[in-house]
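Shared between the two complexes below is subunit A, which has subunit B as its partner in the first and subunit C in the second.
This part shows the complex of A and B:
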């Protein structure tokens, strides 16, 4: 038997340690992000208290005047940070994105999984994947150049007819930059994620189940409706939550088409809004002029709220998707 | 008679359902095509070849600083993220027990779910302010690393898991250590997958804006080799800022930047597709 030389034993040990360190780096990054953002948000948390979550005024105060001390932290006189409009903007735009994007994604996934095959299927899958790879500024550019004018001049005036039934569709329509356009752009951005996940789930539905449905005389649509979709229910909810997390955290596209409203709650579906992510990106220049750094801390608290929101949705989503993937395999019994 | 009426109704409902599905697919494709068409047509009318060799000045000029800056940022982040991601993926797939692997995999997914603007703000707070690097290439590159790392780690692990256990056992049976087995045998079938992962991560990194706003800043000069204390320009910034300007030259610059960006990203996707196609073709034959 050939002996392993001590040199290669040491090399093996070093390699293992190096890979271990590398594998722990995402964990370290995650911990560092959480700690830094939380620490930097502390002064603002102390300064604003719970008011941060339900106040609607975002005001850096008089930057050239006297400072005031409140709860032991210094801020420019009159400074007040209320993030409610941004929280509402984030939730509203992402929910609109889901309302538009989820049905489209599920339908598209059904086509990809069951209706096309061979080359056509490959091409369609590649195109959907390509959509996921397009940078968000490109979505934003398209939103400004193509979508916003269309929404402002064509689509929104059409939707105002619904105003008689649902008051949120009532005018005025505005410029086209606002909640609805943000929602549509976000919908297009989350479609590839939800579609790809749903397609993978649909492909895991055992073919015997589907054949059973056909054997009972179901139409192909009834097979989908009563067998496939219920089978992937949990994973589907997870896929939607995954898309939701993405929609809430999206910055550039929303920043470009949202109309950047501040201190203003949306009153209809066309109102200009701002989301948490967009405000963080938008307010940097002004935040740097605050000598007490309170503006920087307030943005850090905004980042903290955003991170907690997206992390919770992501955790729930991963848990549901993984359960949908592995848990059902045992019950299915037959794998074809 | 009643039964057949019901059958007709069910058939129509089925047609209606699949009809909606086809419409939805067409809508997605229309959105993608419309977007690509807009970028290409706007880009072709405003792109000038000399934009590649001149730097931005005021509201007009060229894109050389932004293109070189983008490459500098992506090279820095790839140099850090690729080794970390690949070695990390090797650990998760080859060394970690199943419980530890699950934990690392899970936390990596959590990291990839953190919004990019939060990563950018983290980079700003830690590197730009606390460490005093100012807006700089290194701060931007490290922030991009955090975005690319989870992706590379996951794809590396996934492609290593595709390698059959028998290949590892064969290597071990020859008396190889785990390191020798991995470095001489196991990585070969997985190389295509790993390269794909790194390339896709590069494409993702190139398209990012939000994490760089706070860390890389913006500069109208070509990047130098100074890693800190000197801001660096990048393409996505041009798209975002110059589009808002009321001057046609500025908008033309924004369209051209978007066009260059899309061309580079499409090219990477094309390379990845060929790579995937070739490696899977080899496996079949």
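This part shows the complex of A and C:
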């Protein structure tokens, strides 16, 4: 048994306390944010009830007029908060981002994992990861200056020809600021995260399986389609869900290209929208001038809805990724 | 190995402790030194301690504060350190109330409800600003052709009742002008904005339906109009309008030149007297002069839709939102700065106001601002 000096004992105690504080801080922060958002949202939850989730009109009321009391809470006369257009806008733009971004990510990941080697692979990987490092306001600026006019004047009129088959592609195409442009910008922003995760997953596919496929006379596509993708299926779903969470929470880029719709649901894929995150950023300044504070509470409730949605997607993603990982160890041999 | 690591840990922890304690000491020392140094160097008229006045709020007022006043005031009173920030009018008001800044800049005056909740706050006009209604109509010269519009027509466009540029109500106002049969794209500000406050007040004053439904505010519940879009900031509105022919929008006067350069024209608006007027210096001044008698002691008043033959209908006061409860040193410094800012020989001279297209306070309003400034610290 080694003799422990008093100095070491004190150091050990400091070490325990320091690691304890550091390790518990993420949990504490999450809990604190959740509690604060919930408390801030309470008056709005009481004020609007379930109507908040399915109502279409978002109105702070006349901040310069009289106040009224409803369900025991005070709000400016005429105030009414229905967040459905923002919830739909968030979900629709992020789903479009996935539809565009996931195939691009998978194909890029396949190239990075299997087709290129050495320096070229390193350069390509770095480029993809650099895409993740571009500040979102730059995506927004590019979106408003370059992408939106192109979508509005060139791409969308072309897409309307699909309207005969898919009604959501029917015109009018509007200005280019809207759902489709938001989806494209978001797609670019989630490609890096999905690509990187998928590449790592693809690298875990045992070389023996792939060689076996080639040995049986499978083409490259068949190897990918029947061996690699089934092998990483669960993990891939997780990677997509991670990207989805990122797309739903994105604020600045969407705010700049969404067309900031208010009080109506999108009627086609070109329609202006708003997302929950963008509305919070846009309206907080005015909300702070509401003497009853109801406007801030309503935005807090919007934040709560967004947080719950994002947390659920993230949890599902993690669960799927972990299931994919553990399932592979036990069942992989049986599967192929 | 373990022993060495723990010793290292102790060392690091001890070092951190020493550094933080020394840090505190250092801060105290510096403050003391500066205080004593300051009192030796300065004259009796300026406060002995250097004072930092923080300003935040309106993005419209920010260029005037940051690029013009902050620079100029350094030579007026070197003892005062002005820090300006652009965070939006709502933040300006709420942070002035919270006491995190001394001056909150706002394009809109505070509502009665907020005044009741914070009775020690005053709204001090610093200058006059205006707003123009802009459009992107190919074939019209942005500099010389000015469409005639009324608040009533604008309200109907923003409610979706007037959909096309060649609507009878618009062509009637503009005989001889060939207007296209194209859908109007109304652009509004998506973020909370003093510009929205002014524009919605103009429609509130000129259209009964707007008055009873949408009303006015820095953010309003915009009626849903097919094809209409929201954009963030004056820069966002100008970018969206430049990219979209047949768009219509409202833009703060400090953005006029930039927008016209991009081919976006601006309208003559019908004033209360029924005349169509442009946002010229003279017309903005006429509007301000027409309303000066009505300005109450607390100076919270809408200058929209002023009477008078040549009054431009969309103008406003730019406000400093100030808590009158301030420590003596701060109060002295703030009073001196604000009085300098509204002085037509100093902060209110065209040297500073012209670059941002602002106009000075009318001579009869300035004393009311002075009276409010003198409440600070009192």
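Assume the second predicted complex is superposed on the first by the 323 of 336 C-alpha atoms of A that agree within 3 Å, B and C clash if a C-alpha of one lies under 4 Å from a C-alpha of the other, contacts with A are read in each partner's own complex, and residues count from 1 in each chain.
By our rule, a residue touches a chain if its C-beta (ideal position, glycine included) is under 8 Å from a C-beta of that chain, and two chains touch if they have at least 3 such contacts.
All values reported here derive from a predicted model rather than from experimental measurement.
Participant: For A:128, using the defined touch cut-off, is the partner it touches subunit B, subunit C, both, or neither? Pick first, second, both or neither.
Facilitator: Only subunit B; A:128 stays clear of subunit C.
Participant: After lining up the shared chain so the two structures overlap, which partner does A:286 touch, if you call subunit B first and subunit C second: first, second, both or neither?
Facilitator: The answer is second: A:286 touches subunit C but not subunit B.
Participant: Looking at A:264, would you say it contacts subunit B, subunit C, both, or neither? Reply first, second, both or neither.
Facilitator: second
Participant: After superposition on the shared chain, which partner residues are touched by A:145: those of subunit B (first), subunit C (second), both, or neither?
Facilitator: Both subunit B and subunit C are touched by A:145.
Participant: So in the superposed three-chain picture, is A:11 touching just subunit B, just subunit C, both, or none of them (first/second/both/neither)?
Facilitator: both
Participant: Please tell me which partner, subunit B or subunit C, touches more residues of subunit A.
Facilitator: In the superposed model, B touches more residues of subunit A.
Participant: Between subunit B and subunit C, whom does A:57 touch in the aligned arrangement: first, second, both, or neither?
Facilitator: The second partner, subunit C, only.
Participant: Which holds for A:177: it touches subunit B only (first), subunit C only (second), both, or neither?
Facilitator: The answer is second: A:177 touches subunit C but not subunit B.
Participant: Just subunit B (first), just subunit C (second), both, or neither: which does A:120 touch?
Facilitator: After superposing on A, A:120 lies clear of both subunit B and subunit C.
Participant: Taking the superposition as given, does A:249 touch the first partner, subunit B, the second, subunit C, both, or neither?
Facilitator: Only subunit B; A:249 stays clear of subunit C.
Participant: Would you mind listing the overlap between the subunit B footprint and the subunit C footprint on subunit A?
Facilitator: Touching subunit B and subunit C on subunit A: residues 8, 11-12, 15, 18, 144-145, 255-256, 281, 284.
Participant: Given the complex with subunit B, which residues does subunit A contribute to the contact?
Facilitator: 1-2, 4, 8-9, 11-12, 15-16, 18-27, 29-30, 32-33, 36-37, 40, 103-105, 107-108, 110-112, 115, 124, 126-128, 130-131, 133-142, 144-146, 188, 191, 195, 219-222, 224-225, 245, 248-252, 255-256, 277, 280-281, 284, 296, 299-300, 303, 306-307, 310-311, 314-315, 318
Participant: Could you pull out which subunit C residues touch subunit A in their complex?
Facilitator: Touching subunit A: residues 3, 6-7, 9-10, 13, 87-91, 93-94, 108, 110-114, 116-117, 183, 185, 190-193, 215-224, 226-232, 236, 239-240, 243-244, 247 of subunit C.
Participant: Spell out the residues on subunit A that touch subunit C in their complex, using ranges where they run on.
Facilitator: Against subunit C, the touching part of subunit A is residues 5, 7-8, 10-12, 14-15, 18, 57-60, 62-65, 67, 76, 78, 144-145, 148-149, 152, 172, 174-178, 255-256, 259-264, 267, 272, 274, 278, 281-289, 291-292.
Participant: In the complex of these two chains, what residues of subunit B are touching subunit A?
Facilitator: Touch list, subunit B to subunit A: 10-11, 13-18, 20-25, 27-29, 31-32, 34-35, 38-39, 42, 83-92, 94-96, 104, 106-111, 113-122, 124-126, 129, 146, 149-150, 153, 175, 177-180, 182-183, 200, 203-204, 206-210, 213-214, 236, 239-240, 243, 254-255, 258, 261-262, 265-266, 269, 273.
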